[in-house]
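Quick one: this structure, given as structure tokens, is what I'll be asking you about.
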Amino acid sequence: MITYTIRRLALAALILFVAVTAMFLMIRAVPGDPVKIMLGPRATPELQASLTAALGLDQPIWKQLMIFYSKMMQGDLGVDVFSGRSVTHIVMQQLPYTLELIFASIIWSALLGVIFGAYAAANPNTLWDRMIAFISVSFIAAPAFVIALLSLLVFAVQLRWFPAIGVGEGFWSRVHHVALPAFAIGLSWVGYIARLVRASMLEVLGEHHIRTARAFGLSERRIIMVYALRIAILPVITVIGVGMGFLLSAAVFAEIVFARPGLGKLVIDSITTRNYPVVMGAVLVSTGLFVLSTAISDIVNAWLDPRSRQSL
Amino acid sequence: MTLLSVSNLKTSYGKTNVLTGVSFHVDEGETYALVGESGSGKTTLIRAIAGLAPAQEGSILFQGHELRGLSDRKMRPFRKDISLMFQDPVGSLSPRLTVGGLITEPYRIQGMNNRDLNSEAIRLLEMVGLPADMAGRYPFQLSGGQARRVGVARALALEPKLLLADEPTAGLDVSVQGELLNLLNDLRDQLGLSMLIITHNLNIVRHVSDRMGIMYLGQLVEEGTTEDVFHHSKHPYTRALLSASPKPDPHAKMDRIILHGDPPSLLKRPSGCEFRSRCPFAKDICKETPEWNETHGHKVRCFIPLS
Amino acid sequence: MTAPLLQIDGVTIDYNTKKGNLHALRDISFDVNKGEIVGIVGESGCGKSTLISTILQLLPQNAEWKKGAINFKGKNLITSSEKEMRDMRGKDISVIFQDPMQSLNPVITIGRQMVDIQHRSTSPYAEKWQKAIEMLSMVGIADAETRLKQHPFEFSGGMLQRIAIAMALMSMPDLLIADEPTTALDATLEVEIIKRLKDLHKEMGCSILFISHHLGVIAELCQRVVVMYAGSVVEFGTVDEIFFNPKHPYTRRLIECDPGHIKERAKRLPTIPGEIPDLTEALEGCIFQERCSESIAKCKTATPPLVSLGQNHQAACWLNHNQEPE
Amino acid sequence: MSDPITDKETKVKMSDHHQSELLKIVGGVAKNPLGLIGLIIVGVFVFCALFAVWIVPHDPVGMNIKDRLQGPSTTYFLGTDQLGRDTFSRLIMGSQVALKVALPAVFGAMFIGLTLGMIAGYGPRWLDNFLSLVFDTIRSFPTVMFALAVVALVGPSLQTIIFVVMATSIPIYGRVARTQTLALRNSEFILAERSMGASLFRILGIHMMPNIIGVLSVLAAMDIPTVIALEAGLSFLGLGVKPPTPSWGSLLKDGYALIRQTPWLIVAGGLPIIIATLGFTFLGETLRDVVDPRLRKTR
């Protein structure tokens, strides 16, 4: 188990390294001088020269990469050209809001999804099962940001049940603020997980070892909760791990629609002001978050399913 | 005349060596059966001969040409003369092709599609006793028996000299087994075909093969004519195999050799005679590696062969 | 003669499928006495697994009981409640399945599964663990202590089947059902498992219902034999009667076709031409008549009943009727 | 030797099954109620996209300030935006943009993903590891973040969106194609083809690909709605197609700005996206059942 964890984290580090380097080179490969683009109208030659030196853009590419990585190791993601504040500080300030939004949406949607899925699997081909199947398919079809806009329009603007803007102070106020965006992002996830749990549960319940368990008179509850769920849950964990990427993307829209601070809003604002270091920092952190979550879900999977320990 | 001669063939995957020096030959028009249990390496051997699995050492001579290590391109002309039949009757048929398409696949591959493939398909279906309208069907619409016959038709499409058959009767009920073996026997006589059959089922070997070899852990331990091996088996493992298939007769006498323990894993092979750990007659001498000792055509690899 | 342990009387089961009602079992009747080994011989599609599921009352949803009863220790299993059945499964009746690689949970250790099936006994965990070790050594598995902590995929087929036997016999059941336990194994392993089953049977005295399509194994192990074909019993009798004095054409052909039976090298092997009839269509007359070389006119119209021909031997074939013993 | 019972001579028609197979699939989809709804919605959507220019009641970019911000009426079916442009016409034109992005991006990604996936699955191990690393790296960028970064660098345009959407979906198809190829690589029918001397192209093209294309086409049908939503999202953030070309996303962008003045812009922009994605998803669902019945049991 330990060797698997180490090797999986090493792979994650490798993927992150390749992704960051690709990102770094992509920015450098763009035609035109990023400094001139960043400064825009205020581009005086001296300002340009000092900024180029500050960003080390005059160095050869691989040297810049070395500097970037050495600084990154100490957690320094460069400096925000305009405000002079360290990018790491800016990004870390916004990160908690995005995490709060993502976990809120995962918790309610995964919970409801598993309950719907398990119920549908427990009594297949009943009216309930077909209804859940229909609802799941329609939920999956609804893109997060359209649901966000519509729910903003109906629940916040028209009915005023929920606040339309901001994050709120204090626990209950924050929950009240995060409810609507979390609902919007999580909705398609309920359908996705419900269908997955139903399909994988039905498949496992059909396997021979379940018949053996029944032949030994184990109670149906124990068979479902231990013998079947232990295997049926595996694909769900993988999907949740991968899903972090989708949630990050959806979070960008939810933060804009509900005017919440967070990584998404930060990236949008720094793009409109052409603030490359901040864009780079935010994208890098979200990629890191995604690579880490896929690694964690693989590790949890390996812990639950000994067979997959040899797969690396 | 010797059609196929395999000498000292060795294959290994990473650190596990599967075949540790196998040598035998198949004469023209002869049917040779290789008998071995799971893990004996018989499938690896037949796939190495067909050029599907790499063999690190030794030689595979087919009509004097060395096949081991040939690239796919150089091997292609020989594929006309050697054809391989697979264990899973339905699984070895490409699911998206019709039976007609499957049977005439060899012609297309060898670039011989200047002839009327439809009539070839009918001829081949006829040969294996299937109705002509079977050509329009897809593999998943066939029963095990029918799929098995389509496999035979495809294997014999280009009238090969050597047919390699991997467990031809696997998955068939006893009553249907006979049908297929009779078909193979008829075709062998009609086309003067040589056959190399591998199986774990000793009973069918007695009715089909002229000569046979017993394989254990990637090695041949006994070889000879089928009658010789069945009536005067010499190697303890062969004797155990022969006694292991219970006769459908409640009063059959039970002088059976029961092997205790499981076959050792390919990763940690025992030293000396590899059957030593399970052999009821093992002695100290068995710690050495036994060589072939042959008495007029009947070879055995054992220091104290049974009388 | 004490009452048989298990008595199956006229059991008829249909499956309703898209193509209509599949008559999987038709009028199955035979019995198993206490401490006896009864063999069921049948090729693929003869209804063996449906019969086992019916005894255990673990039939799929689309199965429909038509008629018949199964008396086990004086209780009709067909009318028993799910609760009563669950009490018996794994205590009075236990099962060994065909494919050892598939019949154990892949992600749970062997030890945990062996303890779980002792869910009825209230003894502490350590005691159950000890019983598991005992059973494993009884079926010849070395260093059981470490083996219990391993998962099924770390064992060979032969080992897994021995574990399955250990699990089945752990609760000293009255009836052990073995559904083709050795079909997936090599010959040398098969005989070893058969020998072990014989010794355990002598030691424990439980009755065994042994299912196989391998005549040799049945001949060696069983005292009485049921021959099944396409969902019905064609012959039932002592092993000597069945093998030396078969009274049904299918049994005769089956014995002839077994390659082990043919002493000398045969140029042409005997076969049974044709295939199993489609059980969804209306069936009249004898089920085997299409493939039977000795069929007479009556076979096409009336279904032959299972009739006793004396000396504990029954067969369902019109040919026996004109020489019925007085 | 032939079987006496069915000795009748029938002309073996090696008929070409392909077009009849297609008809069978469409027929199968139409039979299922969900599939029928999906088929109708997708049909209307494609019809609007193709004939948008002719069926548009008003000039989608024509401004008349006096009619600005009106609710739905007989002249303006869905009301007008802040510049008095007819929302309904802009909606119809918007479907054109959605299709122009979705089709090339999804089918481009599918074929590139299929080829790379098959190469990774069938090729030597080092190539497999390299391609898997490439797939994992691309996939590790959260899609929208990656899109924003690219748009930030090269500026928003239709081509950028198509490139971004295709780039981020190639790994999805690539990974599925790779696992399918790995599973089929040692199957007996592929070994049988090799034993007959079939060339690499014949094995991949005629024997491997048809067994994979089914799963991938279902994936594509389910991926189109995600692509439409992504394009609309980027336009909503002002980083999609440059105005004034009408896109559903830009409708929503205006709608969001005027959310307190009129709800109609959001409703008009939001509903088509939901309906279109519902249509494609229903179609994808039933397509999966019809194309690959084995998949049905895992529905």
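Here the chain labels run A, B, C and D in written order, and each chain numbers its own residues starting at 1.
In the analysis below, a contact is a pair of C-beta atoms (placed from the backbone, for glycine too) under 8 Å apart; a residue touches a chain by one contact, two chains touch by 3 or more.
The shown structure was predicted, so the numbers you read here are calculated from the model rather than taken from an experiment.
Note on interfaces A-D and B-D: more C-beta pairs are in contact across A-D. Centroid to centroid, with C-alpha atoms defining each point, chain A and chain D lie 23 Å apart. The centroid of the Cα atoms in chain C and the matching centroid in chain D are 53 Å apart.
The distance from the centre of chain B to the centre of chain D, with each centre set as the mean of the Cα atoms, comes to 49 Å. The distance from the centre of chain A to the centre of chain B, each centre being the mean of the chain's C-alpha atoms, comes to 54 Å.
Chain contacts here close into one cycle, and each chain has exactly two touching partners.
Of all the residues in chain C, the ones that touch chain A in their complex are 56, 58, 86-91, 94-95, 97, 99, 102-108, 116-117, 119-120, 151, 153, 167. By the touch criterion stated above, chain D contacts chain A in their complex at residues 34, 133, 136-137, 139-146, 148-154, 225-226, 228-229, 232-233, 236-237, 239, 252, 255-256, 259-260, 263, 266-267, 269-270, 273-274, 277-278, 280-282, 285, 297-299. Chain contact summary for the complex, chain A toward chain C: residues 207-209, 211-219, 222, 226-227, 230-231, 304-307. Across the interface of their complex, chain D is touched by residues 47, 50-52, 72, 75-76, 79, 83-84, 86-88, 91-98, 100-101, 105-106, 109-110, 117-118, 121-122, 126-127, 129-133, 135-136, 154, 186 of chain B. The part of chain A that touches chain D in the complex is made up of residues 14-16, 18-19, 22-23, 26-27, 30, 133-134, 137-138, 140-146, 149-150, 152-153, 157-158, 195, 199-200, 202-203, 206, 245-246, 248-250, 252-253, 256-257, 264, 267-268, 271, 274, 276, 279-280, 282-283, 286-287, 290-291, 294.
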